[in-house]
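The structure is given below, and queries will be raised subsequently.
All chains are identified by letter, namely A, B, C, D, E, F, G, H, I and J, in their written order; residue positions are counted from 1 within each chain.
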Amino acid sequence: MVTAIVLLNAARGRVNDVAETLAGLDGVSEVYSVGGRYDLVVIIRVASNEALAELVTERLQALDGIEETETLIAFRAQSRHDLESMFSIGL
Amino acid sequence: MVTAIVLLNAARGRVNDVAETLAGLDGVSEVYSVGGRYDLVVIIRVASNEALAELVTERLQALDGIEETETLIAFRAQSRHDLESMFSIGL
Amino acid sequence: MVTAIVLLNAARGRVNDVAETLAGLDGVSEVYSVGGRYDLVVIIRVASNEALAELVTERLQALDGIEETETLIAFRAQSRHDLESMFSIGL
Amino acid sequence: MVTAIVLLNAARGRVNDVAETLAGLDGVSEVYSVGGRYDLVVIIRVASNEALAELVTERLQALDGIEETETLIAFRAQSRHDLESMFSIGL
Amino acid sequence: MVTAIVLLNAARGRVNDVAETLAGLDGVSEVYSVGGRYDLVVIIRVASNEALAELVTERLQALDGIEETETLIAFRAQSRHDLESMFSIGL
Amino acid sequence: MVTAIVLLNAARGRVNDVAETLAGLDGVSEVYSVGGRYDLVVIIRVASNEALAELVTERLQALDGIEETETLIAFRAQSRHDLESMFSIGL
Amino acid sequence: MVTAIVLLNAARGRVNDVAETLAGLDGVSEVYSVGGRYDLVVIIRVASNEALAELVTERLQALDGIEETETLIAFRAQSRHDLESMFSIGL
Amino acid sequence: MVTAIVLLNAARGRVNDVAETLAGLDGVSEVYSVGGRYDLVVIIRVASNEALAELVTERLQALDGIEETETLIAFRAQSRHDLESMFSIGL
Amino acid sequence: MVTAIVLLNAARGRVNDVAETLAGLDGVSEVYSVGGRYDLVVIIRVASNEALAELVTERLQALDGIEETETLIAFRAQSRHDLESMFSIGL
Amino acid sequence: MVTAIVLLNAARGRVNDVAETLAGLDGVSEVYSVGGRYDLVVIIRVASNEALAELVTERLQALDGIEETETLIAFRAQSRHDLESMFSIGL
């Protein structure tokens, strides 16, 4: 299981429809509208680095209305407690 | 339920013990070591803005070994699918 | 009651009409032309995070003449004195 | 009446006591803990530019626990509605 | 008397004609072509904050060929001596 | 005559005494406390590039309480009119 | 032998075809899709500074779909051991 | 096989000994002194994300003389050709 | 004699022809393609600040294919050895 | 012949003595005090990349009083006219 957090800015006035489209993509686990320098935070959970590459570069970045993305790839889930809760919901 | 994503840099050589301590705090749901400009991404889920304030300013930022934090407060979970999964694990 | 401070840049030559339009939106409490890196500071006071999301992403960011926004969501009003004055004007 | 919005970062672990001290200064109208790149937003309302200079450079910036400040001086309150509400609370 | 220093970038190849136009505006006291990150530094001296707002947002920022402006509003002239010395060297 | 505009940040709580010291240096024409990213704007008028070098690198930057300086050297005063208007308003 | 590492951002939705084209250029040794602020990291190994100039300014930067490049020229390979270990693991 | 490119700044005057130490770490494939904003580029090739986490957070970032690191995790090697060409030139 | 160093970015794919044109301008002494954040470094040696202003704002910045320039004006040549070598080539 | 341009910031109040020391180093051709974001621009002309590595990482960056350096390595001298003048002074 590979987790990545994508920080994303949408074109002006497009935040909500971009968020809705993102939420429908396979591999996208959560989408949040946030305050601060970014418009959206997208949490991705996929099976492999290759699946991450495919989701980010072929589907996510190709969406209309997205202006900038910065992908933070997790190389370790530091928390045991979180791994457990991930099991319990079948992720 | 209030969600926040905290982007965090730790003092050099302290990433892992900071991450472990963070993972043990009430309200901290997930902690990831990530590549890129930040060392850690912390996902917080608490009951209210007041609980978020207390967690971020009194407990998280007071930890030794933390150098910079940027808190992205979610004001909307755009994805229905994610809200459902949050219910199913009793968050 | 949720308060947010929005730092905003307008398109060149559009500061004043953007400011006027913003001042007429429900939930917008104050609009200031300011010196420094930003053109306008907008103070928002609404009933909930959901109302903030609706105001920022659907109405404010959709306005013509706005180029960049950074929304600072307040998670605590540190000052008692300020909470009192907010009561006294019925916010 | 001169209004200024101060964006402020506190030393790690000092946000809350800095905020409390700020809230007690004459001329400080509101203090918010915020998400994003800044720790606190302080709203100042004083009688003149000279009073602003005195408050910012002699009292606010001299406080222990403050690391960086950026003062946005308002040169116009764009909103009529806001001026009215300011009258009504006797500011 | 309110003083402001405006740091300004012009469109490529437009520095000189923008500078000339700026120099002709009421309230603009000095215009310098400068090295470094900015193209021009404009020094404004007007009677009030309201006059500054009018000059910056309605006339200066509306000029064709201007790309970015950052207005530094002076809230105190620290030096009396400097006004005197300007007389004595016949500026 | 060489003109330079120095953008300057002082150590916390030192803005006013730094400004006073600066105002007493030969060649320093004006010193302003400003809002925005910088604490002080210093306007220098000296006879030659060599005098500017001496003032900036040997006296100004050696002052205690100064943290960062950015010197914008004017290579052209675009406006004749401005020197005249300074006479006419008695500056 | 001159080595350079190019940090590169592609136009939205173009990362994969840009990467493929880059991988076909003589002198380009490796191309990686990466997380973080950049889209691609390109490793170049050519015979001389002149060959590097020709590759970067005439062929690489001329490709459609590339938006920004930052070329890090290696002036020393600090490690002998690394060349050896590349043999030993069959890369 | 996981590849990561680490952009790294060393303490002043420490570049060469840091580079030497890095070159001796298991998993570090290449170390280059580079021009530009970074001092060193380190190329890492390890067996898994977990091995990468261990190398970056426990060994690399713990080295004395390292000031800042930014880890770019490759999620796809776009070019097959490149591995081949490395054989053919005898690297 | 006034020296200035211009840091310059060209439009994508235009570095070489911009460099050639720059090299033909009177007052331009050297033009280098460089690695790092900038595309070109231009070294200017002219007779006076006024000649520098004319070269930078009227001829250099007006060239097609130039996107950003930052002019570093030298106010002192610190090195005696360099001044001597400048004499010896009749600059 | 390898040319590099080093952009350098010195510790406060150290610009002149750092510049003098730099001017005495073999391989350093010119040293300028400059306006703008950097304190000094150093022009280096050495025989090879290896000589550049030795000068920058072992001698220049080891000097006391230097805080930050950014080395721009020239990979092409675009100007024929400049190459000629370099010959004529025997560089």
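Quick notes on this one:
Just so we're on the same page, a contact is a pair of C-beta atoms (placed from the backbone, for glycine too) under 8 Å apart; a residue touches a chain by one contact, two chains touch by 3 or more.
Here the structure is a predicted model, which means the values were calculated and not measured.
Looking at the partners of subunit D and subunit I together, the chains they share are E, F. Steps from subunit C to subunit J, minimised over paths through touching chains, total 2.
Distance between subunit B and subunit C, defined via averaged C-alpha coordinates, is recorded as 26 Å.
With centres set at the average Cα position, the gap from subunit C to subunit G is 45 Å. If you average the CA atoms of subunit C and of subunit E, the two centres end up 28 Å from each other.
The multi-chain contact residues of subunit D, meaning those touching 2 or more other chains, are 16, 33-37, 53, 57, 70-73, 75-76.
Chain-to-chain contact here is organised irregularly, matching neither a line nor a ring nor a star, and falling short of all pairs touching. The chain pairs satisfying the stated touch condition come to A-B, A-C, A-D, A-G, A-H, B-C, B-D, B-G, B-H, C-D, C-E, C-F, D-E, D-F, E-F, E-I, E-J, F-I, F-J, G-H, G-I, G-J, H-I, H-J, I-J. Residues 2, 49-50, 52-53, 56-57, 73, 75-76 of subunit I are the ones that touch subunit F when the two sit in their complex.
On subunit H, the positions that touch subunit B within their shared complex are 4, 53, 57-58, 61-62, 66-67, 70-73. In the complex of the two chains, the subunit F residues touching subunit C come out as 34-37. Against subunit G, the residues of subunit H that register as touching in their complex are 3, 5, 16, 19-20, 22-24, 28-38, 40-41, 43, 45, 70-79, 81-83, 85-86, 89, 91. Interface residues of subunit J, counted against subunit F in their complex, comprise 12-13, 15-16, 33, 35-37, 39.
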